[in-house]
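Shared between the two complexes below is chain A, which has chain B as its partner in the first and chain C in the second.
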Partner chain A sequence: MYGIVGYGSYLPRYRIKVEDIAKQWGADANALKRGLLLYEKTVPGLDEDTITISVEAARSALQRAKIDPQKIGAVYIGSESHPYAVKPSGTILIDALGIGPHVHVASYEFACKAGSEAMYVAYSLVKAGEMDYALGIGADTSQGAPGDALEYSASAGGAAFIMGKEKVVAEILFTHSYTSDTPDFWRREHEFYPRHAGRFTGEPAYFKHIYNSGKSLLEKSGMIPSDFQFAVFHMPNGKFPQEVGKKLGFTKEQMEVGWIVPWMGNTYSGSSPTGLAAILDVAKPGDKIFMVSFGSGAGSDGFIFQVTDEIEKVRNLAPKLRDMLDNDKIYLDYGQYAKFRKKIILNE
Partner chain B sequence: MRDVAVVGVGITKFGELWKDSFRDIFVEASLKAIENSGVDHIDSMYIGTMSSGLFVGQEHVGAVMADYLGVAPIPATRVESACASGGAAFRSAFFEVASGHSDIVLAGGVEKMTDGADVTEALATAADQEYEVYHGITFPGLYAMIARSYMHDYKTTREQLAAVAVKNHKNGSMNPNAQFRSPITLEQVMKSTMVANPLRLLDCSPVSDGGAAVILASLDVAKKLKRPFIKIKASSQSSDTIALHSRESLTSLKCVSVAAEKVFKQAKLKPKDISFAEVHDCFTIAEVVVTEDLGFFEKGKGGEAAEKGMTAIDGKIPINTSGGLKSKGHPVGATGIAQIIECYEQLTGQSGERQVKKAKYGLAQNMGGSGASCIIHILEAV
Partner chain C sequence: MISPRYHRDIPQRYRLEGGKCTKCSYIAFPPRLVCPKCKSKSFEPYHLSREGKILTFTIIKVGPDKFSKETPYVVAIIELNDGARLTTQVADCDVERVALGAKVKLVFRKIQDEGKSGLHCYGYKAILL
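Let's turn to the complex of A and B:
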């Protein structure tokens, strides 16, 4: 049996409300909330970045897996906001968590699906027998240009998954990826913020890739939507995942637990992985989970998980996603937010 | 000048045509029109497109389209009059056939607006760059000023403006090529996002990709083709000040009333003789003002007319049976030609659910900018 042996998630405590961003730009907050089903988003603290978020999530994953960090043979961090253009994020993480140095480390990038990519490769290496454990992480302090539609959603958070073959808490039954050259969202070198092609990011990008990945995954597994207790899809806003889930045949009830975006925002590479973590926090042994990520450019990775009896033993060993989402929040106004996100440029 | 007929039409779906390029869209519409008409060649063509340079970086549109349609070396000319580019292309083709210079001419219109350009900025180039755009105004803002002034002078209500959008969406729901085929309610319009007070999102025509083409031919050619055709009864064009603030009135579009007077005189008809009209409803207020300036309603009564259903398909004068720019979509250069196509389908009895009964004369009014240019045609069933 191959799959997740330990998982963890992390969200910063800071939040900004849609109203505060809308007020800054003279936008209609109610229309945005209605249209995007977004209410507030997480904001990374001044001393937080993709690496610190990854460390926090991976620490929780280690606590749940209860394994010797030295046994981890690979560490992959997927993000579109790696703090360094040249220097791997994972090297700092292994040093902080006592992993390695006999370990394979890489940074992944594929817009919002870099996290599921890290999970897929980590799982594949363990399944191939190359190592006992591998760690796959999706984390981001995602960026939206001031005044752009993305500023209402781009948030911070992440989730980490240790893949292994013993004491598996969620077995991976099937996977399926779907990828094409679709330029819906990108950031070129030397640009501060990503650019996107408006509604082109919807139908021909998000919907096409998730739908095709999801449909093929169902066909491959011979399962139907009603076989699943939970479903989670990449969450660029509140509306898209509900639409694509419905199109694939899933109900609102199946998607409810993983649908954390209205109060979290889009954690990019951490989006569907944090949704998965929220599901694992409550899932019962035997439950099946359907997950499809999406990354612009564009591609989707689909997974089918089945939760095992082990889940009951590990879920209370580390912080849960919903607790981090609902409690101890510190609200920022736009000025503080601009400072936190380093949008205020100072002289040297 | 000899009589000229419209002998065939072709149109693409309007909307976000992600898979089709600027040239693909034009070629699709043109091939449909050529096939629909049954002609074995075209002598020349005119293409209306407002701002292909800003939208997709392509100028020299006549040559591009002749090349990709496979009709080179025939003469092919791009015609531009902002949102009235399609109407202007049609008028140019009409003159070429009427003069006897050519027998069969294609008039098309096309716009590809969703390829990533700043659409509002590109469209604003149809206003006065030095005295309007420089100060930050865009088209929703200009039409909002017309609406405010109009509502002040004539006590027209917000609901009456919304009635225009509701009616056009209802018509568009019956048009298979329309961008938005969903009926909307008065409440939805009133609650939609504010764009430029008092105009809300559902008062505004959308950003669209789309193409339309028609084949014009001499009456002799038309008769030989043995397919449904209509006659071009009259054609007029006018211009006005480019800037809204230079006009005598904000609540009347002089370009429309001037062109209307000319076209009715030429056709020897009166507004009451018209069976239905396609008008340039880039914003709901535009339809209200235009229907008055065309002479269908008294000044100040256009909103009330829409509210009372007088402009519905079964009303006194059906307006925008196609769904108009609001619901059918507004790929700028294609709009004027799409209006002619609606007239062709209505006058040849091919409009299905939205067919106007006993349609004899159709009027198509195409307008550029905030009313700095206007082109009107009257088409006749044969």
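Let's turn to the complex of A and C:
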């Protein structure tokens, strides 16, 4: 049996409400909340980045897996906000957690699906028998240009998954990826903010890739939507995942637990992985979980998980996503938010 | 340029690695060559507890240049559950809420940058529980 042996998630404590961003740009907050189904989002502290988020999420994954960090053979961090252009984020993470130095490390990038890429490769290496354990992480401190629609959603957080073959808490039964050259969203080198193609990010990008990955995954597995207790999709806003889930045949109830975006925002590479972590925090042995990520550019990775008896032994060993989402929040106004996100030009 | 010193300090800054005196069990952090309690030179590696409480603290309202945009912030002496003490910043808090005896845990955070193009330097900070 191959799959997740330990998982962890992390969200910053800072938040900004949609009203505070809308007020700055003269936008109608109520219309935005109705249209996007977004209410507030996480904001990274001045001292937080993809690396610090990944370390805290992976620390929780290690607490749940209860394994010697030295046995981890690969560490992959997927993000579109790696703090260095040249120096893998994982080099710092392994030294922080006592992993390696005999370990394979790489930074992944595929817009919002870099995290599920890291999970897929970690799982595949363990399944191939190359190593006993591999760590895949999705984390971001997402960028959104001031005044752009993305500013209401781009948030911070991440989740980490240790793949292995013993004491598996969620077996991976099937996977399927769907990728094409679709220029819906991109960021050129040295540019601070991403660009996107407005409505083009919807039908030919998000919906096409998630639907085709999800449909093929169902066909490959011979399962139907009602076989699943939970479903989670990439969450660029509150509306898209509900629409694509409905199109694939899933109900609101199946998507409810993983649908954390209205209060978290879009954690880019951490989006569907944090939704999966929220589901694992409550799932029962035997439950099946359907997950499909989406990364602009564009592609989707689909996974079918089945939760095992082991989940009951590990779930309370580390902080839960919903607790981090609902508690200890510190609200920022737009001025503070602009400072935290380094949107103010300062002298050196 | 602080890169070489930063690299040398990684075990203690990233992983809270100290030394435990094999004669009298004194926990030295940062690691020492000679035990201040029994003068032994024999230490074994020791990972500090990540939880503790605030022994004392100060609120920095006028910070040094690199931290001047982060004021007001709290610097505290923390006593960890294993008795070791260290000085660190208390992050993610309303400074008026920080109190003597408050329970904290240590988290991995960025401490400073080496200018605009240099290294990001990481280490530990405390957050209130």
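One rule holds for everything that comes next: the second predicted complex is superposed on the first by the 348 of 348 C-alpha atoms of A that agree within 3 Å, B and C clash if a C-alpha of one lies under 4 Å from a C-alpha of the other, contacts with A are read in each partner's own complex, and residues count from 1 in each chain.
Keep this in mind: a residue touches a chain if its C-beta (ideal position, glycine included) is under 8 Å from a C-beta of that chain, and two chains touch if they have at least 3 such contacts.
Given the structure is predicted, the values throughout are model-derived calculations rather than measurements.
*Asks:* Chain B versus chain C on the shared chain A, clash or fit?
*Replies:* Fit - chain B and chain C, as placed by superposing on chain A, sit side by side.
*Asks:* Identify which of chain B and chain C touches the larger number of residues of chain A.
*Replies:* With both complexes superposed on chain A, more residues of chain A are touched by C.
*Asks:* After the superposition on A, what does A:51 contact: first (chain B), second (chain C), both or neither?
*Replies:* Second partner only, chain C.
*Asks:* Looking at the overlay, does A:187 come into contact with chain B only (first), chain C only (second), both, or neither?
*Replies:* After superposing on A, A:187 lies clear of both chain B and chain C.
*Asks:* In the overlay, answer first, second, both or neither for which of chain B and chain C A:98 touches.
*Replies:* In the superposition, A:98 contacts chain C only.
*Asks:* Pick one for A:199: touches chain B only (first), chain C only (second), both, or neither.
*Replies:* first
*Asks:* With both complexes superposed on chain A, which partner does A:14 reach: first (chain B), second (chain C), both or neither?
*Replies:* Only chain C is touched by A:14; chain B is not.
*Asks:* Once the two complexes are overlaid, how big is the angle at chain A between chain B and chain C (Cα centres, nearest 10°)?
*Replies:* 130
*Asks:* In Å, how small is the closest CA gap from chain B to chain C once the two complexes are overlaid?
*Replies:* Superposed model gives a least chain B-chain C C-alpha distance of 33 Å.
*Asks:* Show me the chain A residues, by the header's touch rule, that chain B contacts in one structure and chain C contacts in the other.
*Replies:* Residues common to the chain A contacts of chain C and of chain B do not exist here, since the sets are disjoint.
*Asks:* Considering only the defined contacts, which chain A positions touch chain C in the complex?
*Replies:* So the residues of chain A touching chain C come out as 12-14, 45-49, 51-52, 55-56, 59, 83-84, 92, 95-98, 328, 330, 339, 346, 348.
*Asks:* Report the residues of chain B in contact with chain A in the complex, numbered from low to high.
*Replies:* Interface residues on chain B, with respect to chain A: 16, 18-19, 114, 116, 193-194.
*Asks:* Can you list the chain A residues touching chain B in their complex?
*Replies:* So the residues of chain A in touch with chain B come to 28, 31, 197-200, 203-204.
*Asks:* Tell me, which parts of chain C touch chain A in their complex?
*Replies:* So the residues of chain C in touch with chain A come to 10, 14-15, 69-70, 91-94, 107-111, 115-116, 120, 122, 125, 127.
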